[in-house]
């Protein structure tokens, strides 16, 4: 039985709150430290945070005193989750890693670093060994593992079976993204109620690049060779609360003979971590819906604790080869939940 | 000064109401007949219709007695607008046309008929002459002109400049459609609030075919040669009230050298009906937004009385050639307003 | 350990679906019969129903063949839940009761019948004995118990402590009601998105009368003496999915000296069924929020499985005596969940 | 023909933008100065403001250079509208008034000042003479007139006829307020989508007091005697864009014999400024809806340019005397539009 003491960086923000919610009652991890900005430091968590989750703030966390995010406050902690804002994550995460503290980060700052795994346990678990090429400490005790952007998670997960069966040449995606993706207070109600905003700053660049690393091949010396396809993204904000829905078209390298072959790619895909029985792992990471009106953010983003990817309307495309819709819970599967699953796999494999 | 007596078929439905609203105070057309189903016939309009527009029901229309949609009730009418449901439009529109009554229809039933213009005045005004190949009456007095589906209007309008300058090979589009497109009561609030429904029955087929006719070339004997490109569509419902927003990627036949060439295609496009000064015509049918967050359905669908197409985020695409967002007011530009503009052009050209 | 076979009337509707969802895995009750209209009869449930819940349709129910709602189809069933539409409930519920089948009904039809309990287990559990005055069958095996309207549940629950401590003279309430209260498809998205509809047909009459029965005193011969106060209601529809929020002002018979006395009324109120440990009973039926912005439908309606009443902003009123907000999940606490709790109490007390 | 040069204070905020929109093409007033904070000063307006209105930013305003709000920048201006935030309005408005510049303010700061009119032209036009008791300048050229809070406008307007006919003893109101009332960015989408927030900081105090001044009697020396009734308010935020909807119950001093008497109070109420033909004045300031589902924010808040009050469901109340719904456009009638009408009346009466 694992029993690890953990800290959360950026604990008062929207991602930090989701970490706290998802970790309540976790069988392996116990929250012992909560880091936030100078403004919050010194206050008990329930006073420092404007709690926005729809469950009650767990009592076990409510009275923990929030500290700043320096290494000295996280001594004795086995590892930290980082929900830091990208404006401060580079410095803070490095300083903790250099102090020998492993970091499971949701921040974007180190995602494309060539020694840092951009990890989705069911998709590229072998990338974990990249940790060994990191040099934050001499003894290798301090390291960083990241999870991808909240659109890249459903995109990479849905592409994996097609990539393995057919190869991929190019991907065109329009992502319809929920307001929770912008944090709190995030998107103004005046901007989004009854509306769609056709641009999300900085998002499309991530969608163009992260999937190529996630699906990249691990080679000698733990280096990644990026996957060799192109992604073109249009990221828009829609008035949904949770769940990014992607309209995806894919050009394959080897054209499938029949739509059944495409469905088979999904059905025959093997979840490489199913043997481990990790606490947050969905029993079925990818679900293919047959009903034409599914998946829907409000109904299906929360399936399997928000950790299941939904694919719908998988069909032949007259221009590319296949088109489909993909849905994942952006703040669980695409953020805090994904990071927790990363930590569980790392713990299972003995890194924690 | 034109002064025409007009009727409206399907007058109590959502499209019929939009016709009434837009025709209030129209300088050329005066409503004289209102046709609806048997259930409504015999009642004054204000009792027959559940008025859902945000202006007061015009008094001039309020007391008109609703009739059934047979030809005898529309004698003495110069022409009718049809907002009929597709389940009844085939029979009714034919019977009126055969009785010598011109029909400007929003229904889909005759759109792909090879003798029926699928008309957008700024895009394919020459198609009007197809009327002459119709044979509903011997004297040619009864005929049908249609306007396209509410997604095909912004799609075809936005493609026209690129088609003329570069040629088009293929088009991939994800259309994010407002609830008003489904009529009233239409979409259940439980289905769409805080949600996206990734399928709209029958919609994608229209998007795959109608643009090819709209951009087709009029040849001998008033026959259309369909435009030679492919369209692949994903149509989803989003919680907006008015305004369909399209995420479009286009493969051109002649690749532009530079993004400026693409912008020039829009800027140098010439509106072929600007000379006529039609009452419902927008002064600028296509507006290219420079702000990355524009156009937005709630803010921009109503520009120029809901008759202006908005294009935004026009950019080079790494896979196709260009990508952009297109927005049009679905129940005005994409339905009743488009039909009224069709009638104005037909009147201007002497067909009415 | 109880082990009862149950049926659901109106199983394909929104309330019926909620029954199925809430009964999945219930320790005492197992679904054996599903009744619906002639149109659905003969089909397996998954084909008869348009499933709208956000969990997967339970497999155990999916293949049950739907029947009509006559008694012969429910032989061998221990009791039925009724989610019938009021247009058919009078006849069907009577016919089953006369056939000796106990009915736990969410329909309004028998709520104000003088022999039928209008039951909220924590509020008026003694009213159960009214069953004994029913005469559907000679042996008393067939009877009807109802739960109140979805606004009356939070209203009566919140009034109970004040009624007991101070007496009540009059109540003014504005109820802001979620769209799920109108069933499916229910409220049109065009009516409610970004809007408030200031009238809900038939709703206010129930709010004026049902609380007086719920808080009425059980007297000789199991007759209820209605509570002696007046209620004035304004019921409006707001764009929320689940959770009716009530703005309530109450004139008390004995004016409290201090706001603390009012808070004490809530705190010292004793839950009369806490001893029974019923599976669906909330551990804390009434929660008093201290944060001025709470309770909110989206965050708090689902607390304790949707069975907890939330009260917020309890304060002195300058005109009446006290004012507060009350919130309850309308389709769980105010409908299916309330009915299930009624059944659990009836089973515990030996009526089932 | 009046021709006045005007300035706008707080020009870049949500209220300031509404002033600009409503004043575009105004026959009497021309925008000559735009004041904002230090951060915006020196920039042309189109760069200083994040324009959120659904019309294009008027060209005439777009290039005006924004200045700070000191008197020197508004020399030569005939008067200013103030849309200043309350955190800065006290100082700035006083300094301009002392510099001899008349101020028509939407800010709350001077509303309850005993020499400042809290003006609704149709309700208390005689209060204008309070200006004469102000002492900002010796010559009386600098003065302040305010318009009421956006809930108090529909409340006071709807109460006026009943106050005149029957007298009022007390008023209980639940106001369901649109997000635009909180400015921009204002309410977070995560707080309000599919939700109701049962508290709006500071709002209820204004509702308790402002109506008493608005309906107060002007006595000797231009002093107001406050109206002698009590108001108890519950202010909640609902997911509407524009239009505050109030659920109101009123105890009258003289009980009406019949509901017809109440309706007559509305019908026989005489608009005291109808003679003036002010550009922004609605032809019918108060409209009584007969349809039980009206008025609705999305459909009716914009009637008569957003300047008409809607009253619906006027009925006898079993506890107070009458109950009804009242609706007004909060950022037009309840803010910028109301201030403009104030200015028009003041100009008409020779104060400007």
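Just so it is clear, A, B, C and D label the chains in written order, and each chain counts residues from 1 on its own.
Methods note: a residue touches a chain if its C-beta (ideal position, glycine included) is under 8 Å from a C-beta of that chain, and two chains touch if they have at least 3 such contacts.
Computed from a predicted structure; not experimentally measured.
The chains touching subunit A as well as subunit D are B, C.
Of all chains, the one whose mean C-alpha position sits at the greatest distance from that of subunit C is B. If you compare A-C with C-D, the chain pair joined by more contacting C-beta pairs is C-D. Centres computed as Cα averages put subunit A at a distance of 40 Å from subunit C.
One simple way to say how far apart two chains are is to compare their mean CA positions; for subunit B and subunit C this gives 48 Å. Separation between the centroids of subunit C and subunit D, computed from CA atoms only, is 42 Å.
Each of the following residues of subunit D touches two or more other chains: 52, 193-194, 239, 241, 298-299. Only residues 52-56, 193-194, 241, 298-300, 302-303 of subunit C touch subunit A when the two sit together in their complex. In the complex of the two chains, the subunit A residues touching subunit D come out as 52, 179-180, 184-194, 239, 241. Interface residues of subunit D, counted against subunit C in their complex, comprise 170-172, 174, 176, 193-199, 201, 208, 230-232, 234, 236, 238-241, 245, 247, 249, 251, 292-299, 312-313, 317-320, 323, 325.
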